[in-house]
Amino acid sequence: MLRVFRNRPKFATVKVNKEQPKKGLPDNLWKRCDQCASMIYNKELAKTLNVCSECGYHFRISAKERLGLMVDEGSFEPFVPLVSKNPLNFPGYEAKIEKAREETGLDDAIIIGTAKINGFSTVIGIIDFSFMGGSMGSVVGEQLTRGFEYAIEHQLPVVTFSGGGGGARMHEGIFSLMQMAKTSQARGKHHRAGLLYISVLTHPTMGGIYASFASLGDIIIAEPGALIGFAGPRIVEETTRQKLPTGFQTAEFALENGMLDLIVNRSEMKDYIGRLLTYHARDEVV
Amino acid sequence: MSSSFEWEKPLIELEERIKELKDFIVEQNIDFSAELGELERKADELRKSIYERLTPWQRVLMARHPKRPTTLDYIKMLFDDFIELKGDRTYRDDKAIVGGIGIFNGEPVTVVGHQKGRDTKENIARNFGLPHPEGYRKALRLMKQAEKFGRPIITLIDVVGAYPGIEAEQRGQGLVIAECIEQMSFLRVPILCVITGEGGSGGALAIGVGDRVLMLEHAWYSVISPEMCANILWKDSSRASESASLLKLTPTDLMKFKMIDDVVTEPLGGAHRDHEVTAAQLRASMKRHLAILKKIPIEQLVEQRLERYRQIGHFQEKIITETLSNINNFNDIDSELDCEVDEANE
Amino acid sequence: MSSSFEWEKPLIELEERIKELKDFIVEQNIDFSAELGELERKADELRKSIYERLTPWQRVLMARHPKRPTTLDYIKMLFDDFIELKGDRTYRDDKAIVGGIGIFNGEPVTVVGHQKGRDTKENIARNFGLPHPEGYRKALRLMKQAEKFGRPIITLIDVVGAYPGIEAEQRGQGLVIAECIEQMSFLRVPILCVITGEGGSGGALAIGVGDRVLMLEHAWYSVISPEMCANILWKDSSRASESASLLKLTPTDLMKFKMIDDVVTEPLGGAHRDHEVTAAQLRASMKRHLAILKKIPIEQLVEQRLERYRQIGHFQEKIITETLSNINNFNDIDSELDCEVDEANE
Amino acid sequence: MLRVFRNRPKFATVKVNKEQPKKGLPDNLWKRCDQCASMIYNKELAKTLNVCSECGYHFRISAKERLGLMVDEGSFEPFVPLVSKNPLNFPGYEAKIEKAREETGLDDAIIIGTAKINGFSTVIGIIDFSFMGGSMGSVVGEQLTRGFEYAIEHQLPVVTFSGGGGGARMHEGIFSLMQMAKTSQARGKHHRAGLLYISVLTHPTMGGIYASFASLGDIIIAEPGALIGFAGPRIVEETTRQKLPTGFQTAEFALENGMLDLIVNRSEMKDYIGRLLTYHARDEVV
């Protein structure tokens, strides 16, 4: 068996940045809704799970927040943390990684481990957009692969939340591309072992992340309004020189075009996933 | 696009001079063979030195040469017979991907490959070799047919990247690329992939998962095209020659990284200078690799294929030195912090 | 379409009279219970005699009653929970077919069914329950998902026929119906099909291949709708009531033919008169049949399913009395003859 | 094993009608092309395999003619002939059958048996439009099913030519519909046995024939101009009240829409099928 879990004590190495340098500035008290432009009090947003109470817009949340919303309290056990190398000697990559680590307190763009959701054991992986746009390099690829492998070994379902912007991490070049194959194959084995994978597409799920593991869910769910696609809307517009259709590449667009099973509000997500896990439980504890 | 590059100019000039001289000699009936031999030796040296020192960006341009053989050109040269099979049985026959049954070395194989146009009209019909979802679905259909009948699969890859088009997105190219990658990985027949020209991102990988990956000398393969990389790094596509170097997209780099298994030498000056010689070189490499693959029991072959990709990645386990904080204590997380991070990333 | 039929009129009149009488009695506080009982007994008799003597065509009209429960109505009544899953992962989510995971009798099952609209607006959105190819593909996707997770499949059939539309033809509805039929036949989970309303041709069969086929009392099932049959026979769709009789499309006929396994009784006057009672009757039959199917080992179940269809057909071996001529002697065949035959068939 | 072959002598029971009552009438000497309206001499048509020499229009040919064009001479061995019953007691069905038998010399709308094509043994089934529009009732369904079963037992490829007009034979009602399931399942078993099925769609392949076995070919070929679809063009036009697109439901339309592998001219059909059989030969005699 792979050493996927860190040794006990099972503490996270993520450094929760406690400094709040801009404290007192209105930016930190209020936030403008990207969709309806309402000004919303941050404390209010925390209560609504970062969903605009005016228009239902789902703000992006961090992987840590997502984890908090999704798993049974105290049940998360992270995998051994991995850190990136710089296989292409891409100029400035190390510095970028270091900066992202400091800003997010994460080792790379993913939080992954085992957890219980409504009492059901799962492997859960959550991409964090704040870490270099949630792009998939060797670390994200390896962690997801370990996730599926662990799930096969222990006959567990996998749940992922993929909010990766550009998809691939170009600083790792071909190694980043190959993570698409690696994660797809890991899921392929998991699928062939008859196990459940619920893929949740959060804003934005694009590029190599969308074109690999995230598209291979038995059930694919999205949050309302999430941007979902392979090529980014700007590049599509530039290439085709056509006006993009209204709602192009939104979750609603994907649902209409047959690419999603359902769209679920953040507040109902845990309930939906919990029910789906229940209905796929192998011991038939329905 | 002209059919000769800036860097070829001195060579082309010299070649023309030699030709003139030859014509003169024939006309005058003089014996000048020694001098002529010397000149041709010099031209050879010049050729070698030019093509050995090609920058990665020049290589990308070579891979895009309008006279470079396309998939259908290779199919004609590599196979003794070929029956094209069309359609995805779902939506459309995508002309940007061609496929069918070919006879390679006396044996039926399934071939699929990206098909660029050989002139403007064909390029429009074939969308410059940029597939829509139905193209990938056709490829997958034919590959599964190959699996049913135990035929080896040969893929010929030549695409700048996935197509950033409205309909391609609407019909789910991300999803179908994922399906291709996943299903190819488990096919119970030998798969030989050849990057003949451009190997751009998901568009290439969608038919690029195999037991052996061969690459022509002046082909490139990367997670992103140099132009798009430059666009992201410096908001300036014209700096593609710089990003091409950063991306390590040449066969030499990729051999070093163990991402490919063989580099197929092209005629001096590139495949477009001699299609037949290029095809002969490629055929020899394909033959050699296919012979090896066919000897491996199928279970083992699929296992090896999966293991090949399983091993790809550069990372290390983190040495834990920082203060530990319990990640399960969610209440510690201040949502205000994340707002900052978001802003930093816009 | 009115929500009561011509043949129901005497009954409805009697029912109204009884109601008036009751109101009067309550108002006047008179004891009329004996007379009232007699009246209601008569109404019951009338109901029975009307609905026992329904013609096949009247039954077809019953199956199309606008207040008849639709698939989503049944899903709500039959299942303890239901999570709708959408999309074919290829082209579109077709609202004419709905599907998902439901909890039936404490156990997860996969449900798919045709969905007619319950008003004009919904009928337009759902194309009157007439699927496009993507609808059949969604159904197939969900059924294969059911197979992966070992869930029984329940299909609810209510469609007048395949949709004669340009896009449905363009996107290959013939091909996808064939794929559904073929793949359903081999699925390694129990399949229970229920014809709740209309069972028209390939549109019905595409989700109608199963281990048990149940049918509601006022449903119909045939190779062709009565209208289209009349159109072909007499070039006159209005003679559908005649063709409905010829086609032997009622549950009684189909039980005799062994094409279905159970007829689910509807409340007197039809399912639209009491959705809950209809659902309860259906639930009981489904429960009974599913319990039997779940006990059969899966290999055996699939074998029985295939054998069930293998046996269908009425023919006999020909007794050879005619002069024999060697069919291999092609030169004997006069092509002029075939021209005549062609003309005869135009 | 099923008794699929008749006892020897292996003669066909088809009655080749030798009477030529209208001999001498111009109708029998000339034929008008349905596509370009050229008048073509019948003797000429016989030479061009009933393809218009002016425009390439492929005239419908009988199953017997097709057999002659496709199989190695003298190699055809027909299955035991079957005849229809009238399970619904459909008025006039027996008479219709009788008339069709007399006119075509066939027992029902199919010729089926084993034959060699370019030396390769196959099961070959050919629908004949002239017999009640080439519709599929119990006999056609049973014969095709026996064909696939025989092919499984002897590890043979199957080749069909399906030119059935309405598809289903409504006079057999539900029994006709169920032939779609029966033949699809027979092919399903044949497919799962790893065997090749080449389905050739000739003019017209519609309805229940198209929506069952004929669509389940590993390779689907059509003749140029063949009408291919489920619903007939007239009913589509009546229902949608839209003008049909040019070439709607032609082979060329189906090819463009991804439903066909290739379109092959009648004169090249045997060569194509022969090569495909060669390339799928199991003994690797290439």
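Letters A, B, C and D mark the chains in the order given here, with residues in each chain numbered from 1 onward.
Everything below uses one rule, namely that contacts are C-beta pairs under 8 Å (C-beta built on N, C-alpha and C of every residue); 3 or more make two chains touch, one makes a residue touch a chain.
Quick caveat, the model's predicted, so the values are computed rather than measured.
Student: Count the touching C-beta pairs: is B-D or A-B ahead?
Tutor: The comparison resolves to A-B.
Student: Using only Cα atoms to place each chain's centre, name the chain farthest from chain D.
Tutor: That would be chain A.
Student: What is the distance, in whole Å, between the centres of chain A and chain C, each centre taken as the mean of its C-alpha atoms?
Tutor: 43
Student: So what's the Cα centroid distance for chain A and chain B, whole Å?
Tutor: Between these chains, centre-to-centre, one finds 30 Å.
Student: How far is the middle of chain A from the middle of chain D, if each middle is the mean of its Cα atoms, in Å?
Tutor: That pair's centroid distance is 54 Å.
Student: Mind pulling the chain B residues that touch 2 or more other chains?
Tutor: Chain B, residues with two or more chain partners: 89-91, 171-172, 175.
Student: Where in chain A do residues touch two or more other chains at once?
Tutor: Answer for chain A, listing residues that touch two or more other chains: 191, 257-259.
Student: Classify the chain contact graph as line, ring, star, complete or other.
Tutor: Looks like something else, not a line, ring, star or complete graph.
Student: Can you name every chain pair that touches?
Tutor: Pairs satisfying the touch definition: A-B, A-C, B-C, B-D, C-D.
Student: Quick one: which bits of chain D touch chain B in the complex? Just the residue numbers, please.
Tutor: Interface residues on the chain D side: 191, 194, 196, 218-219, 255-262, 272, 275-276, 279-280, 284, 286.
Student: Please name which positions on chain C make contact with chain D in the complex.
Tutor: For chain C paired with chain D, touching residues are 162-166, 168-175, 177-179, 181-183, 185-186, 201-202, 205, 209, 221-224, 228-229, 232, 246-249, 254, 257, 259, 306, 309-310, 312-318, 320, 322-328, 330, 332-342, 344-345.
Student: Please output the residues of chain C touching chain A within their complex, sorted ascending.
Tutor: Per the stated touch rule, the residues are 81, 83-94, 101, 103, 106-108, 134, 138, 145, 148-149.
Student: Within their complex, state which residues of chain B touch chain C.
Tutor: It is residues 89-91, 133, 137, 171-172, 175 of chain B that touch chain C.
Student: Where on chain D is chain C touching in the complex?
Tutor: The touching residues are 6, 9, 11-18, 20, 22, 27-28, 31, 42, 45-46, 50, 60-62, 64-65, 67-68, 73-76, 78, 80-88, 90-91, 103-104, 107, 111, 129-130, 133, 138-139, 141-142, 145, 165-166, 168, 170, 172-182, 184-189, 191-192, 206-208, 210-216, 228-232, 235-236, 238-240, 242, 244-245, 248-249, 253-254, 257-259.
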